[in-house]
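Each chain gets a letter, A, B, C and D, in the order it is written, and its residues are counted from 1.
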Amino acid sequence: MVRVAVLGASGYAALELIKILLRHPHVEITALTSRQDGSPPIHQVHPSLYGRLKLNCEDLNAKQVCERADAVFCALPHVASMAVVPDLLAGGTRVVDLSADYRLRDPAVYEKWYGHVHTDVERLKTAVYGLPELGTERIATANLIANPGCYTSTSILALAPLIARGLIEPTGIVVDAKSGVSGAGRAPKLNTLFSECNESFSAYGIGTHRHQPEIEQILGDVSGQNVEVTFTPHLVPMDRGILATIYPRLTGQATQGDLLAIYREFYAGKPFVRVCDHLPTTKDSAFTNYFDVTVRMNRQQPVIVACLDNLIKGAAGVAVQNFNLMYGFPETTGLLV
Amino acid sequence: MVRVAVLGASGYAALELIKILLRHPHVEITALTSRQDGSPPIHQVHPSLYGRLKLNCEDLNAKQVCERADAVFCALPHVASMAVVPDLLAGGTRVVDLSADYRLRDPAVYEKWYGHVHTDVERLKTAVYGLPELGTERIATANLIANPGCYTSTSILALAPLIARGLIEPTGIVVDAKSGVSGAGRAPKLNTLFSECNESFSAYGIGTHRHQPEIEQILGDVSGQNVEVTFTPHLVPMDRGILATIYPRLTGQATQGDLLAIYREFYAGKPFVRVCDHLPTTKDSAFTNYFDVTVRMNRQQPVIVACLDNLIKGAAGVAVQNFNLMYGFPETTGLLV
Amino acid sequence: MVRVAVLGASGYAALELIKILLRHPHVEITALTSRQDGSPPIHQVHPSLYGRLKLNCEDLNAKQVCERADAVFCALPHVASMAVVPDLLAGGTRVVDLSADYRLRDPAVYEKWYGHVHTDVERLKTAVYGLPELGTERIATANLIANPGCYTSTSILALAPLIARGLIEPTGIVVDAKSGVSGAGRAPKLNTLFSECNESFSAYGIGTHRHQPEIEQILGDVSGQNVEVTFTPHLVPMDRGILATIYPRLTGQATQGDLLAIYREFYAGKPFVRVCDHLPTTKDSAFTNYFDVTVRMNRQQPVIVACLDNLIKGAAGVAVQNFNLMYGFPETTGLLV
Amino acid sequence: MVRVAVLGASGYAALELIKILLRHPHVEITALTSRQDGSPPIHQVHPSLYGRLKLNCEDLNAKQVCERADAVFCALPHVASMAVVPDLLAGGTRVVDLSADYRLRDPAVYEKWYGHVHTDVERLKTAVYGLPELGTERIATANLIANPGCYTSTSILALAPLIARGLIEPTGIVVDAKSGVSGAGRAPKLNTLFSECNESFSAYGIGTHRHQPEIEQILGDVSGQNVEVTFTPHLVPMDRGILATIYPRLTGQATQGDLLAIYREFYAGKPFVRVCDHLPTTKDSAFTNYFDVTVRMNRQQPVIVACLDNLIKGAAGVAVQNFNLMYGFPETTGLLV
């Protein structure tokens, strides 16, 4: 049994993480942290866990966490994460970090988009970006995984096959993405109140959303070229799920069938990628670790439609997928429900 | 033209009030107040008003309000309301108060349920409870209207005809009420976040909801007897609307047809009450000032089903209905859309 | 491995059943039936199953089903079910029937509420009502399980402890129940269109809903007395979950603490019942096989609040729970996620 | 008073039309038609109209309609509309046709996209496309208005200012549009069931949606050039509202401020267009006749965000706006609420 801790246990991704870990046969959850007053039982924070897990949410420091856990899922906000990760690693745990702190290789880019100086710059070189469909080798041996963003995974997995083969231009790509509200987190804010979001659809963060440089960095790695995307996130009045509609420009001629064949070849053997002929909806992959994708042609314009559950494949699920690879468990352990 | 002010303009009921007043032919909105920083234009607080009303949300005191307005709709929270109403009345305005501060006749009851000492006790005797379907005379001459609560109006209007005629027992009445989330207000709180409310249905405030004593007081007036209701509010994942399912006990024999006839006679000529044979849904009366009601028999148990829009007939609409009566305008002015 | 078939595989409960069976370690799904044209792959009927199950929806008769399966989950509509169950049993399979056809012991009651003459009257005596929390012995040896209705399970489990101990009157019980829309099935009808249900809350079937006699029969068994409930179902704009608010009358004095203690004692050791101090919401048990219940006092009136997922604990989950008991697997197999 | 009829009164746009006409001071509704059995009262078809309009839904022919009405709003499906419009015009009524039958100038284009031979080809030359913000003169004198599609109005109004001034390329325009479910109509279908749409977001009709050629035709008129758009519609789990996110390519250099200034100049004096600095949401314009639009720059890529209510500004509201222009009433009559 691997003893695991979840830091920042009060959020939505952490709840999904705990649920997945509860059914993982090789894991024991040994610590949950948050800054709640009075170390409440976890079911007071997440009532759905009532009767399922007898642990309290404690305000533990890195040393205390390292005493109890072999592996740590860090679901803290950015900045808070890089403040604790060095001590966790020094204490001998292996870390999957769900924040953005170790995703961007260039500290200047981090500072520009996140508005904070990076305080653990050296480790940016050794942290491994945890998108297993693009390669599992480095993940298997990593001590620190930078778990990808939810919009990011959707966009990268949707574009990687075509950009890797040079079938599309690396710039001028429109990524029009739509997310359920759970992606906005659990801190009470006016714009995520039910009465504001419900029966409404809205765009936000145009040109300023932090997943844009992350998408561009990773797709740049895949293509070996400078990649530029126009990324527009939207809020959908539903709990969970992301659908991205993506408009790249072809470098040459290709049919819909050609493109689908490329996807199928690229993702052959990947247990969580479903290349489909039909148009996927967010509901098809909700509450699962699947990534669904298809492509259509509208005249000469390819239109890629890609879906995943932002809390599972976009956060907690891929985190456990990375964990499985790190510890040598089958990649799908705990993730097929 | 009556010059009107809306105090506490940032909430959901206030927004509906402003929209109704904008189409009222005899009203000019001259002041909006709230404690927003920097007196923002109202459309920054309520984007739906963009291009419709050029007024700022100002932090005005009672004297400043009285200089600009003849009538005041006070949409402040309880306690805040009774702190300003005396000065508004002294300043010569007539006030419709949407808070609970002047609804309960007995200051001890107020203190018990609201947890505050009442600071304007004398005026509790002269404030008029503004439920026009139970009588319009006192409303017409009032200077201070206590505008009813949303659950309260639903429950009282649903029970008044039967209790007035002595057809049901005054105690042991079960009122199982369900409300859209806008009833919970616009202040950011965990339990009204989209991701908490959506795809969830919940009961709350069992035995502790403040509308229970208000229902009992007014129905006590109607019946001339002590009335006791078991009131259970629930939260429905939708923006607006209340449906109450009510289970009184018959004092004698009566058929469904008998009871419906009583309702039709009791509410004859009331423009906003629709006694219907079909089962009303909240959607039928949403965005209107209508109150819909019917009754069914399940064996010998009457089951009353009543609906209204919590923000309109349950708050802003009835406020304008009261205002119309106070100023001698036709009762429906601005309210039939 | 037990080979299982699912009849009527195109509905929502059948989809949940398939998902549970896919993760059940001792089951192989060998046949799916429906009357779809052309025996489509199951993922054309349920796109969420794409890549998870390579079976077609076939129009098989009982004989063909019996050749392929040891156990059958029958998710056909009522009437259709009793037309095929005799042949399935004769063919040697054991059957869990999710329809209402074998739930009511008295064929006259069935005929009155369902409007059809019962065509398999003899078997009503041997069919076992499958609510495991009320006793598992008869389920273990049954060949035909009548799987309970969703509203029914909620109501019975909420009332059984109090009625079994004689703490509440057996008549005059108000059951005000609210369900997500998936309970209304997948056949296209005006009243279950998104644009009709969304942003609306409604009551329906007052005095005519078929779960009322089912609740009364089973609670009559529990109490040994004639039980009468006033059952009012409502439709909530959400996918899944039932919450019932129940108002029985105490036969004597009892505190909230007394009543909660009774629940805890009655359900001790039951893995899927969670007696809680907090008010449960439908979201807490959504997508799980848990039944959550608590009780509050409003003056002397007990108010029971009970929740479950209508498709899981109210249909597919309890079906697998019954199956586990029939085949000697641990009761929770496949059901803790 | 203009006597008006509504043909096809059972749909969602027709309901909105009736509500607007009920508050229009110069209109009397004299006939409602649909193919319902038994000519039911309109409130049996639309319960929200209970007590508001005493008319039945009758199965009238064109001659009968012409005897009762001066003006006709035709809310029939395509094909059904062109079967009756010639007789309505011959009978002396003026017609606003909400179907697509008279929108496309070229009968070959109609046949290609709608799969039907056009049976009233001559009238395609005289029907006037009713988008008042692009010019009101021809509307004022028209006898037959082709009322625009909902996605179409959103897209055209969002692009017209920039394309009219030659600031964007006329081809390669991505229109990523999202609509509430009411746009899909009221006929019961699997894909518009609550349990299918709710908690799901999906794309549909990629490359095949009939609003694509309509957008291209009208924008072609505006620009004097061949226009090509890549139009992708999506379904949002909400009742009403469309948001389009639009990605054109600039022909030269322009700042966000330049572009906003163009919009403000182009739409100066138009009472229902709100050019805003903030990002509009569908909720801001829901239940109104407003069209909201803004533009942002993401690097050199303009991102236009435009919203309207699909049933009002996208159907019933613009129909009445056209009617007002035809009859010389102020353009906003009945439409500012």
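Couple of notes before you dig in:
The rule we apply is simple: a contact is a pair of C-beta atoms (placed from the backbone, for glycine too) under 8 Å apart; a residue touches a chain by one contact, two chains touch by 3 or more.
Everything numeric in this text was worked out from a predicted model, so none of it was measured.
The interface holding more C-beta pairs in contact, when A-C is weighed against C-D, is C-D.
The chain with its C-alpha centre at the largest distance from the centre of chain C is D.
Note on chain placement: the centre of chain C and the centre of chain D lie 45 Å apart, centres being C-alpha means. Look at where the CA atoms of chain A average out and do the same for chain C: the two points lie 36 Å apart. Residue numbers of chain A whose C-beta contacts span two or more other chains: 196, 198-199, 237-239, 280-281, 283.
Within the complex, the chain C residues that touch chain A are 19, 22-23, 44, 47-48, 50-51, 199, 274, 276, 278, 280-281, 283-288, 290, 292, 336-337. Against chain D, the residues of chain C that register as touching in their complex are 12, 181-182, 184, 186, 188-190, 192-199, 237-239. For chain C in complex with chain B, the touching residues are 172, 174, 176, 178, 180, 196, 198-204, 206-207, 228, 230-232, 234, 236-241, 243, 245, 247, 279-283, 286, 296-299, 301, 303, 305.
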